[in-house]
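Multiple structures are listed underneath, in structure tokens.
Two complexes are shown next, each including chain A; its partner changes from chain B in the first to chain C in the second.
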Partner chain A sequence: MRIKPQYSSERGFTLFAYVFMTLLALVCILPCIHVAAKSISGGTLVVGGQIFLFPKQIQFDTMGYILKKTAFFNCLKNTIIVTVLGTFISMFTTITTAYPLSKPSLRGRRVIVLLYVFSMVFFGGIVPAYMVVNTLGLLDTYWALILPFAIIQFNMFVVKSYFEGIPESIEEAAYIDGAGDVQTLTMIVLPMSTPIIATVSLLYAVNYWNNYFHAMMYTSSSSMKTLQVYLYDTIENGQALLENLYGGAFGSTVGQSLVNITTGGIVAAAVTLSIIPIILVYPFVQRYLIQGITIGSVKG
Partner chain B sequence: MKKLAIVLMVMTCAFSLFAAGAKETAATGELKGPGKVTLTRLGYNAGFDVNKNYMVPIIEDVTGYKVEYFELPAQNADEKLMMEVASGKEYDLLNLSVDQWRTLVGSGALLPLNDLLEKYGKDILAGNSKETWAALSDDNGNILGVPYMYPYDTEVSNFMIVRMDLVRAAGINEIPTTLDGFYDMLVQLKRYYGDRYIILAGPYRNAANGSNSLSFPQIVSSAFGIYNDWMVDEKGNVQYMSEHERFPELVSFLAKCAREGLFDPDWAANTTSSVTEKFASGKAIIASSDRNLAQASIPALSTSHGLGPDDFGFISALEGADGTCKYMESTSIGKVTAILKKSKNAADAVNWMNTKIQNQLYINIGVEGIHFNYDAAGEIAPINPIFADERGDSFYYLDVTDADVFKTEWPSRIRKSEAQWLAFDAATMKTNANRPQIFVENKFAYMPAAESFARYNTTLLNSLNDFVLQVMAGTRGVSDIPTYIRDWKNLGGEDVRKELAAYLATK
Partner chain C sequence: MKKSTQSFWNYVKAHPFLYIMLIPGLFFLFVYKFWPLYGLTMAFKNYSIFAGTNPMNAIRASEWVGLKWFRTLFSSSQFSIVFTNTLAINFLKIIWLFPIPICAAILLTSIRLPWYKKALTTAIYVPYFFSWVIIYGIFYSLLGSYGILNTFLSSIGLDRIMFFTDSRFFRSLLIFTEGWKEIGYNTIIYLAAITSIDPTLYEAAKIDGANKIRQIWHVTLPGLLPTIVLMLILKVGYILDTGFEQVLIFYNPAVYDVADIIQTYVYRIGLGQANFSLATALGLFNSVVAFILVVGANAISRRSLGRSIW
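For the complex of A and B:
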């Protein structure tokens, strides 16, 4: 393929863009590499601030400590349950709300849309929300982390806009062939809407995965902690965790593994382990995330 | 900020509503007995799974009670606590900080424990002093919580840790005990090493104390007779640190050291982690420290620089040229465990705590010959690593202790770490043995809940810390002290003073 010749000013701009974007990418990626390097580096070097990008005196004692001695797996399990179950429920409520609202023939459509817009703009506040969750007996359950987000109005409007863009003639053809509303939705509309379904699912999943504040407010027992709450707690309590180990001995009289486990190392290992699931999933969903941004910008 | 203020305001309203209702709720005082009830206990954030910890079955075996443990979050703990209580959660026990307890006392949500303690908590009552019970009672004599007393009355918790290998190389062989000796040491180190090392890294503000700690070394202010933010002068008047006659001298000394490059240039920006990092990496010769910094940095330096116990020195409270040295006693109520009026198992909660206190040594320290031995001096010497593996987390499950007995048991918990023990022995135990007269009684250790104190004191302390840092940085000077004191009064200083003076008058 031949590259079109560029004017010198264009070349200059291209070069600048490359340098700028490279620097920007480095700003984003370097802290991650630094934290990952700390998580598997020798404790004395971590405490001494001697780790930058490459791990030194590689050890997995800190990772082992996080995996075996803390509730990492339980918190990961909770987060996965909330994310998967929540995304399914949210998509169900979003689609079943957006589809009827996308039909001009729906009676009272304007009022219903107005109610959604109103509740999107005016949030009752955390205290009333907490009272509702408490009164319904949902505190300290998975439902407390799912039901308040069963539908996010903005996502619903994005899906509604997409449905409105589907030619009516296609649905009419389905009706003529004897399909009912549910059949038309599930067999005609949804297969034609996979990009928006994938995108909005991803938006919901990211919202559930990253939800810290509500998980912190609505759960109290350690068995219900999600990964985000676990991370914050670990960062805050790194010093206390360390204090209770048989630490603080001179190198000659204690196993190297305990010298390796340090406050900074514990925090770095917890952060590194918690982003591994996202890193594994990201390549498969990246395309939809970009689509989502585009859809949002055009239709939102 | 505005949003946060609104949220807090709404929470306060909700809380008040609950409190009004809670006052009418009477709790049952009937004992159901071990095995017949599952107690619920809400505590601070631990960082580990508090229900799956090895301590849970140990406590269950001893007491016979099954307990479900809940945690407050690490962030917004106070707000979450208020929400939980306001929404009517029926925890049996609340393990609280003193400030949290004071807030709940004001709401009327806590159950008076006098009768229950008389009936089921005799060991709890006997294990703590009258002063402590008075501090945990309201004006009508209702006991509204049980105490966990800080287990060491005279700890020099803020000291300095010194790299003796570097100090010796600079021709200094002794750890200074006076302010002049300390200054001379810093100057000599600066002269010898120039900018190769940070001479003194600091401040070290214990993460656990957060904003409640000072931004300058207390072992330096001790030489000026300044030992706390609130003090009582010789005439019995309550005075703030900045009103002390030698406060100008203190800040001048700190500013001089900073100006001469004897202190870390990043002093104002340093955090607990950065001070630890600077000392542990060998960049600093001396660091303002507590036991935690020693525990983190000594193993690191011993591994990376091959240092042994003799290569570390510890500077305790310094004396002024006139022999002045004052350091405040660490006597204080560390935690309070309270029972909500809504609790349906109040009698069992008290009974559970009483059984724990009866088995205090076993639960917190372990079994002789397995977890510890008694040394020649009769002190408890932990057996490592089983002590840390099987009793290391017991601190989290402490609600109340027999205070005097626990004072003899607690040092073993420090002793499990060689580095902590080295620091504790040098800074605290030797000071206690050689200079016990330096410790000043904390006159406000048992002060009950006070509204203005709770509302303004953290702001006042932050303002004090900021002012000292500004003087050290050279942006303000001693001549600004009157202006600072005027601002201090506007921040509620006089209101707090009145409360403290009123309390002092009752003693």
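For the complex of A and C:
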């Protein structure tokens, strides 16, 4: 007699779990699908609010307009340069800092660790940081978007604690075989640390890729715009872009294509094109990203 | 004393490369993290960017004015507005959003189909990797004045809801989009904590006749408690440091009264109006309070949970 109600309450709970989690997942995914559908749907339907999840009157004029007539590719190029170069510099600095600091015997270790911890919890603020970048003559260069973020203290501590977990006996064996500190790091420690290196590289890359505020603050010329700045400007100025298009150079070549290009469509297409690179990379890196989150939580 | 300095140099001589390796990191640390700290003296000076040969040099050349900017700041009505907004927005986010990932993680554990569970996890945490600008674009498409929701509302004869420009709705927009971006990420943190709970505890609970809900109450939640407390302490500790980029991207003059936070205000008066000293004074106030909060949070976490944030 006792078993039956228990069984059904469990069923009810599981059912609730399926329903609740499915709804949550839909809330996360459907907005993206809506925007993607809008980006390739016919202009009058977009304006009329008739596009929900499936594109109708499929057209690629809006996408074509973004890709060909705006600075999209140049901004994408800037973002890729900053992300790739920045991630390399960050990983080099992070590893070369984390490795010595992972050695308990290192003299002066506590002082240096304290410096990094202090800089992590006390900020100079926006204005002084801007003054430093300005003084160094880095404004409006790629370096302004890389060097101030070359080492993120938290990431360095994650790598450091991973290195600390490598058994000392392995490194000692390398020393006995005559390897110096550099060889031990490159030949022994790094090959054993590929998961953490992949994860932290990704954390850095995501950080560089998504950086909007600093790109906006530190660059001014239009050729230096990054993808995030481009996207923000497009959303804010969609209307102005459109007026340019109608009044501007190819106003005479009207035809179907102009009917399709609308403010809402332009925003949707720019957002979709900015999401595509992330979605393409995501399946390959998901494992490391989850690992990154878990490490973050374990380390706190 | 002498002996220890001697052994220090012996150690350096034995491992020169360990110290050479530290140079790049320390270089960046001093130039981009510690040099700006010197820049904080701007808060006590009448800073003019043209007073020296370069902006940092100009700090030294500018005259001291003591606490002038702090007096200006604390007596201005704008200060109390941005301070209240900062606390209000972040506390509202914690109140509304904090429990959701905990529930989501617990619910996910009772989803048995592995592929479906994986699909759900993937779906809820993709938004975490979108930048705030992308999220702004997505929600502009959904909730903007010509977004899908408002087109629908006006088509059935209702008034449009101006989420982006109406002070009554703007904070809800901030809270909702914050949740949209962060819930998946936090769910995975709790999920990781759940998987580290000793499975024999569940076995024991089952033998004692505990059903699913009782198992959650008596095993899962107690197992999660340290993580929950730690996350809460962290959230409160970082209350002055979060949300800046989101607000900066989403807000506009129409909603300054409910959305303007300390850091957006610092940015506007500093780099927008070139009132560098006043902005630095507010920035310094923010940094000091944030520092006390974070260090306090860490002390509480270490005392109550034995876990240090760093």
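Keep this in mind: the second predicted complex is superposed on the first by the 280 of 300 C-alpha atoms of A that agree within 3 Å, B and C clash if a C-alpha of one lies under 4 Å from a C-alpha of the other, contacts with A are read in each partner's own complex, and residues count from 1 in each chain.
As a convention for this text, contacts are C-beta pairs under 8 Å (C-beta built on N, C-alpha and C of every residue); 3 or more make two chains touch, one makes a residue touch a chain.
Just so we're clear, the structure is a prediction, and the values are computed from it rather than from any experiment.
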Next item on the list: Once the structures are superposed on A, label A:14 by its partner contacts, choosing first (chain B), second (chain C), both or neither.
Entry: second
Margin query: Just to be sure I read the superposition right, which of the two partners does A:147 touch: chain B = first, chain C = second, or both, or neither?
Written below: second
Note to self: For A:127, using the defined touch cut-off, is the partner it touches chain B, chain C, both, or neither? Pick first, second, both or neither.
What the structure shows: both
Next item on the list: Could you say whether A:290 touches chain B, chain C, both of them, or neither, answering first, second, both or neither?
Entry: second
Check: Given the touch rule stated above, what does A:71 touch, chain B (first), chain C (second), both, or neither?
Finding: first
Next item on the list: For A:166, select first, second, both or neither according to whether it touches chain B, chain C, the two together, or no partner.
Entry: neither
Note to self: Looking at A:38, would you say it contacts chain B, chain C, both, or neither? Reply first, second, both or neither.
What the structure shows: second
Next item on the list: Give one of first, second, both or neither to describe whether A:25 is in contact with chain B, with chain C, with both, or with none.
Entry: second
Checklist line | Of chain C and chain B, partner touching more chain A residues | finding: C
Next item on the list: Return first, second, both or neither, reflecting whether A:264 touches chain B, chain C, both chains, or no partner chain.
Entry: both
Next item on the list: Indicate the residue numbers of chain A shared between its chain B interface and its chain C interface, in ascending order.
Entry: 47-49, 125-127, 130-131, 134, 217, 232, 235, 263-264
Next item on the list: Sort out for me which residues of chain C touch chain A in the complex.
Entry: 7-8, 11-12, 15, 17-19, 21-22, 24-26, 28-29, 31-40, 42, 54-57, 59, 103-104, 107-108, 110-112, 119-120, 122-124, 126-127, 129-134, 136-142, 146-148, 151-152, 155, 180, 183-185, 188-189, 192-193, 211-213, 227, 230, 234, 241, 244-245, 248-249, 263, 266-267, 270-271, 276, 279-280, 283-284, 286-287, 290-291, 294-295, 301, 307-310
Notebook entry, point to check: Which residues, counting only chain A, touch chain B once they are in their complex?
Noted result: 43-45, 47-50, 69-71, 74, 125-127, 130-131, 134, 139, 216-217, 220-223, 229, 232-254, 258-259, 262-264
Next item on the list: Enumerate the contact residues on chain B facing chain A in the complex.
Entry: 6-7, 10-11, 14, 42, 45-52, 68-76, 80, 83-84, 87-89, 207-208, 272-273, 276-278, 280-282, 292, 294-304, 308-309, 384-385, 387-389, 392-393, 395, 416-420
Next item on the list: In the complex, go through chain A and note every residue touching chain C.
Entry: 6, 9-10, 13-14, 16-18, 20-22, 24-29, 31-32, 34-35, 38, 47-49, 51-52, 92-94, 96-97, 99-101, 103, 105-108, 112, 115-117, 119-132, 134-136, 147-148, 150-151, 156-157, 180-182, 185, 206, 209-213, 217, 228, 231-232, 235, 263-264, 267-268, 270-271, 274-275, 278-279, 282, 286, 289-290, 293-294, 296-298, 300
